[in-house]
Amino acid sequence: MTSLRPVFKWETPTFLFLDLFVTSIIEVNEKAQSLSTQITILNGWVNEFTAWNPDDFCGITSCSIKKDMVWTPDISITESIKTEFATMENQYVQLLNEGAVVTSNTFAVTTACKMNLHQFPFDVQRCTITLQSPIHSSKELVLSPISDASFLTLSSKKAFQTQGEWELLSINTSKANATTQGEPQDQLIYKITMKRRPLLYVINFLMPVFYFLILDLASFFIDSTGGEKLGFKVTLLLSISVLLLLLQDMLPSTASDIPLIGVYCVVIFTLMGISVLETILVNFLIAKGNRTISVKPMENSPTLSDAVKDMKSCPDSETDRHEERLHALDLLKAAATHTNHQERKCLSWTRVAAIVDVIFNFLYVTTVIVFLIMLFKAWFP
Amino acid sequence: MTSLRPVFKWETPTFLFLDLFVTSIIEVNEKAQSLSTQITILNGWVNEFTAWNPDDFCGITSCSIKKDMVWTPDISITESIKTEFATMENQYVQLLNEGAVVTSNTFAVTTACKMNLHQFPFDVQRCTITLQSPIHSSKELVLSPISDASFLTLSSKKAFQTQGEWELLSINTSKANATTQGEPQDQLIYKITMKRRPLLYVINFLMPVFYFLILDLASFFIDSTGGEKLGFKVTLLLSISVLLLLLQDMLPSTASDIPLIGVYCVVIFTLMGISVLETILVNFLIAKGNRTISVKPMENSPTLSDAVKDMKSCPDSETDRHEERLHALDLLKAAATHTNHQERKCLSWTRVAAIVDVIFNFLYVTTVIVFLIMLFKAWFP
Amino acid sequence: MTSLRPVFKWETPTFLFLDLFVTSIIEVNEKAQSLSTQITILNGWVNEFTAWNPDDFCGITSCSIKKDMVWTPDISITESIKTEFATMENQYVQLLNEGAVVTSNTFAVTTACKMNLHQFPFDVQRCTITLQSPIHSSKELVLSPISDASFLTLSSKKAFQTQGEWELLSINTSKANATTQGEPQDQLIYKITMKRRPLLYVINFLMPVFYFLILDLASFFIDSTGGEKLGFKVTLLLSISVLLLLLQDMLPSTASDIPLIGVYCVVIFTLMGISVLETILVNFLIAKGNRTISVKPMENSPTLSDAVKDMKSCPDSETDRHEERLHALDLLKAAATHTNHQERKCLSWTRVAAIVDVIFNFLYVTTVIVFLIMLFKAWFP
Amino acid sequence: MTSLRPVFKWETPTFLFLDLFVTSIIEVNEKAQSLSTQITILNGWVNEFTAWNPDDFCGITSCSIKKDMVWTPDISITESIKTEFATMENQYVQLLNEGAVVTSNTFAVTTACKMNLHQFPFDVQRCTITLQSPIHSSKELVLSPISDASFLTLSSKKAFQTQGEWELLSINTSKANATTQGEPQDQLIYKITMKRRPLLYVINFLMPVFYFLILDLASFFIDSTGGEKLGFKVTLLLSISVLLLLLQDMLPSTASDIPLIGVYCVVIFTLMGISVLETILVNFLIAKGNRTISVKPMENSPTLSDAVKDMKSCPDSETDRHEERLHALDLLKAAATHTNHQERKCLSWTRVAAIVDVIFNFLYVTTVIVFLIMLFKAWFP
Amino acid sequence: MTSLRPVFKWETPTFLFLDLFVTSIIEVNEKAQSLSTQITILNGWVNEFTAWNPDDFCGITSCSIKKDMVWTPDISITESIKTEFATMENQYVQLLNEGAVVTSNTFAVTTACKMNLHQFPFDVQRCTITLQSPIHSSKELVLSPISDASFLTLSSKKAFQTQGEWELLSINTSKANATTQGEPQDQLIYKITMKRRPLLYVINFLMPVFYFLILDLASFFIDSTGGEKLGFKVTLLLSISVLLLLLQDMLPSTASDIPLIGVYCVVIFTLMGISVLETILVNFLIAKGNRTISVKPMENSPTLSDAVKDMKSCPDSETDRHEERLHALDLLKAAATHTNHQERKCLSWTRVAAIVDVIFNFLYVTTVIVFLIMLFKAWFP
């Protein structure tokens, strides 16, 4: 008895009315692309065998009996990876005297959901829960929603029990047809739209990376000559590496549609890397200039030691005292002039370094601003 | 027999008496907004069919039979995501001769719970466990609590088996009505109030971040000229980045009600970032001053080499010896004066730097103190 | 038949003999305050209906039948959060001709356990497993242990299959009474005492932190003038921050009874933080001294440039040559004397710095030694 | 009835037609070498007892009954570690009038899969799902695929519900024979080919490591004399250590076929380590040179103090004034010459250092380029 | 019927033949000391009631029926913590006409396993799976292996489906007796020997730590005077701290048998710590030397300022000019000599430092080599 559809004529389809409420969003797993929710499915169907006249039965209009005493429809969730009763399984169904059977069950379901993480963490996800009979064709089982989308959304929001990362925006319901095994089958598709609350990601990832970028930009004003600029910049790079450990936990690896947060991270990392390279170049130019000053005079030019040497070579008389001194001074002067010349040469390198530094930093700041504006537009279109 | 409510007249509602004890708080998952507890539900109901006169049955006043031999009410937990028997399922119920059936079950339940994490980790959470029949209306099944809130709290605290992060404060019980499927239904709502023990979070997160802030404030006294101040400050920033890894594990991402710990973290990170920027600025001003001294004399002002040059240009006689020397001294003096002048100019930059440094640090300390006082007030109102 | 207690007279209690062996400690979760063990429960009870005379049945003294053919007692574990059959469920029980029924089951149970983590990782935990009937009073079901504690301990140790973090010390057994639902109930309480093997925590956490403390103490001998001392100390602080990530995973957050490892961590972190502050102070004093030397002469005192200026102002005659020179020398000398004076003043700052440094380090070392001795005593009383 | 194969003659094999669709790839666990998928198995078999003539039964050509009313084949997945119904178990099967029984079930299966991670993260994995009866030989049960591979691939791709790390490339189907327990058994082998989307691994691991390598190469241009080069390089090494934490989570430990990403990491780490060693060597050579200059003159060569000493030793007459001065100058010159000589000696060390540096860096760059080209070829053959 | 052993005479034991194949090693959890495997158990036993003469039944020699229609032996795995059917439960058994019943099941079992991690990650583990009846004594149920160890090993290796961290070396089988509840029971013990593939641990942990040790050894050649040596060494120590985070995840905490990898880590960490202490000592000695030079002359010895002072005190005549100058030179010389003397004193400190440095580093290198050789021998005996 409980095995056969409760219709008197086999051509009569059984009408099944359904409502699906989303009462909790338990987990959204971006890596597994799955959504865990607590849903309540309320369903009622026509059972032609259990209709009675209340007048014949002391006015009883409804009664509850064990579920396995009547035929129950087989409704499954197409996207489901795991469906479990959220609480103890409801053993009873309610019979109404008009021949309807009503039951309500709460499930904890994990469903597959195609998530587009392009705008993570400022994203809105749309997941569908499709109710469908695995066996019965639409000739045998006709599915209809009881309530409309706005009522479902309102009721779900009212009953919503969690206040986590996701905000439920709306639940839409639509009817569709699928064809499996040759026969058309009725489908009820519930589309759950939900919005991520992005704050923690902003605090923990976007903000620190942005701050490190600002500090890297500001490092333009650090004196290039000491080693601290380089140390400062490489420590910023290390800090971003530490934050990369967080990114790995947040997102799955995808290809076609690169998440903007990845772009953000890559571009800033690259810019900061290039900026370290530039610092090395500028330091190299400055060092080259300095080396020109300090090395060359030792080898080729008249130096203090030469001057002293000359001083000694012209001694003896009181009159020579003057020339000697003058020669020495001459040499000193020459050395000084030469040094001056070298300094000018060195200054040219230093100037090149300074010009490179200024131009690079101008380009750097421009790139960063343009990039951030574009990213902002992509993130909040 | 076991399928129908055990009443002689169908209008008679079945009275169900319930008690719920929380014997362990197993896990509180802030990310999933769920609470895992071990609860014991003691329930007894009136079964009109199983009343007997003990005198007729050798004075037997109670006996235990298998659960599936009598009708059992269907009670579910509305917030439940997962309900499992904590130990092996109790197969027996106890019949009392007055017609009551008594049973007791221990469950491990995971329930959804709206948590407000604004004051994390000094927060108190209130989670509800709502007992309700999924099918029976209040005409059929009337729920009543056996014990009052204070007894439940006392008993639960006495039987409490864990000593973890959460301290059970109280259990309140209240009766409510819900209307699903048109008919009013009885609800018993147990509100569990519990307090987080914050110590580990203070030791592991609040304290280190605070210490790093203190060190950052103290870095005002580090000499600006060397590179160590900048290196010191950026290492502090790196240390806070490492601690950010912890924050990610602690909290879910929320939007409306920002957790104070997030504010604490963001504000301190921002202040320390600004303080690094200020250090760069001050160093830049000092370096600008120094550059004014070391660069300009080389190019424009009479220098030692000029002096030497002049010395040579006035030789020949013993009498000239004096003038030559005087001229040289004059030049030297001029150079010295010029340097002095430059120094004064440079000193002005250095002074600006010093003033900026002092003002900034005054503002910094003030902001930190004000911020910490406000945060303290928000945390412990 | 299987639903009623197997006694001829209803007043006769059923005697249930139990033994509980702990064969594996699978996991101890300090955060959830739970203990996962593999236990084997051997139980036998008197079934008055299944006694037979072996002589009447070809000398058969025992036979095994399916479990659901006889009444089985309902024994649950009070602390259990999850009880599962560790292996496939044993479907058979053994009947002995004297009327006893014997069965043995292996469970994987997770029980709540009040853990005191004060002495972590050198702690000994005592967890109880309480066997009790959820329904039957002690008038109906009398529980007795088969073996004594020493046999249970020996057998469990012999059958122990794991060699992980926990060493089983002993199993104690005691009988107790609980009163639920008005009637007294028999309880068998098994207290499992186990000792943590602390090695990994020593290697991974205590030792590195201790080493970093030693290095921080040794940093007293690093020259204060360069920036390296500060860099060294802040890197040590960063290293400890990295190790704090480990602490978060090890322990739950508790309040009343602070774990000593937390005290260890907090005190060392605080000491090292204060020591960084002291270094900054000492460096500041030294820098102040140095600044006194290098800044003041430029502004107020007779300097070389003044000397040169004076040199020029008294020229003309050969005789004046002497005075001029003398005056210049005088000024030079004055400048030198002044510098000398300044140096003395600066030296006083430097001396203050040195004295502060020595006193602080003496106090630091003393505090550390006293603290470590006290901690050692608290850890190994 | 439901226990025996539905054939009239026992020699007749039962024909079982199967289709397997992969509708989600939930998780690929490289460490456990397992693949979690959501699969739908559609199967139909000949039941000779349930054929009927539609004309005799009002034209009914199909009807659905409870599954346990007919014999069902026992099909298991050989590689399965865990098989669960993805949604509520389908309780019904459909009978067709020709004597066929059709059913469809969706499973969440975790299967073992031999993964070759040599080319991780640019790898393509091929996992097989083998359907086989655990008991029935091919004389009793004959398995055949319903659809061909291209249809399965198309349908699966169309129904694919996830968009995570893995892209489904194709599903191949083949028939095989296995011999267990002496009798040949039919097998249907579905080979699932899927491609990893590598982006996140590139962004989070390959790219930062590569950038650090580039920075290490660029550090050639950092001046060797200061300490910053060494600090820079060791910070890069530290950054790579941080990234090694990520590698541990990504891959299992394997031996025969080393993953290229491991080679990438090891070689770069080794190269950078060697490059640090080289920097230490070069700095040592330069320091050796410098020490030659600054130490030797103090001990062995005529120095300024000697010169001054000599100056004093030849006083008294006006005529001696010259010689004294000349001698002093001579000594000064000698000292200068000696210094010059020392400088040349030191310069030779410095030159050796410079040559070593250039050669090493040339070899370094060459090795890196060759290595990266070879790695690229191995990764994208 | 299905409840009683299928023997005509109750004294006849039932012979049970078993084979156990290990088809996947899913997970080895060192912390929980558990092993998760996919095993296939093939078992056949004598059922005296189901033997038939094929000639009487149209030559049928075997047939498959539902499992619950015949008696099945109760075989459990003693070490099992969790036993689950790896795929859908096999509902059928095969009856052979000789009276044998054959069935085959695939399980996913997690068994406790005493692991010795002394040689981790170059370890070989031996885990046992013991099959035993929980109730039946060896008088009732006799267990015998079907195949020998070499066949089991070969078959398991052939069917092996994973290629992860563990390589299956062999499966041994042996028969044993256990005495529980007074009666001897048959046991079949399968010992699974498996070898860890150590590569990832070498790449991720052993190698980086070794490299950091080499760099620490090489730091001997870094010039002690600058601060970079200390910074370099403390950064290496920080890098090892980061790697310690990995160690925590790899191993459980054990006491008796310290894992060599722990020894490796501790010894290297200690050596590097001591080496940092030595560097501080050497730097302190050098600094002490330098301070002797720079501080003492300021206070006690004749200095330039004294020289200048003396210069002024002897003016007036042209003839005095000489003496004055000579005196000044004398003082200058004396100052120089004193400085020279101080330098010699300072040099002695520097020499002590150099000697300490060389001796320490010699001992360091020796210790490291000896330690590594001993460790190598212990790891690969």
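In this document, chain identifiers A, B, C, D and E correspond to the written order of the chains, with residue numbering beginning at 1 in each.
Keep this in mind: contacts are C-beta pairs under 8 Å (C-beta built on N, C-alpha and C of every residue); 3 or more make two chains touch, one makes a residue touch a chain.
The structure displayed is predicted, hence computed values, not measured ones.
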Interface residue identity across copies chain A, chain D - same or different by half: different
Gap in Å, rounded to a whole number, between the CA centres of chain D and chain B: 35
For chain C paired with chain E, centre-to-centre distance based on mean C-alpha positions, whole Å: 22
Junction residues of chain E - those touching two or more other chains: 227-228, 231, 235, 238, 242, 245
Pairwise touch network: line, ring, star, complete, or other: ring
Circular arrangement of chains, read from chain C onward through chain E: C, E, D, A, B
Residues of chain E that touch chain D when the two form their complex: 23-24, 26-27, 38, 42, 58, 60, 63-66, 69, 84-88, 90-94, 102-106, 108, 121, 161-165, 167, 196-201, 203-204, 207-208, 211-212, 214-215, 218-219, 221-223, 226-228, 231-232, 235-236, 238-239, 242-243, 245-246, 249, 322, 326, 329-330, 332-333, 336-337, 339-340, 343
Chain A contact footprint on chain B (complex, rising order): 2-5, 10, 31-34, 74-83, 112-116, 134-136, 140, 180-181, 227-228, 230-231, 234-235, 237-238, 241-242, 244-245, 247-248, 251-256, 258, 262, 265-266, 269-270, 273, 276-277, 280-281, 283-284, 287, 298, 304-305, 308-309, 311-312, 315-316, 321
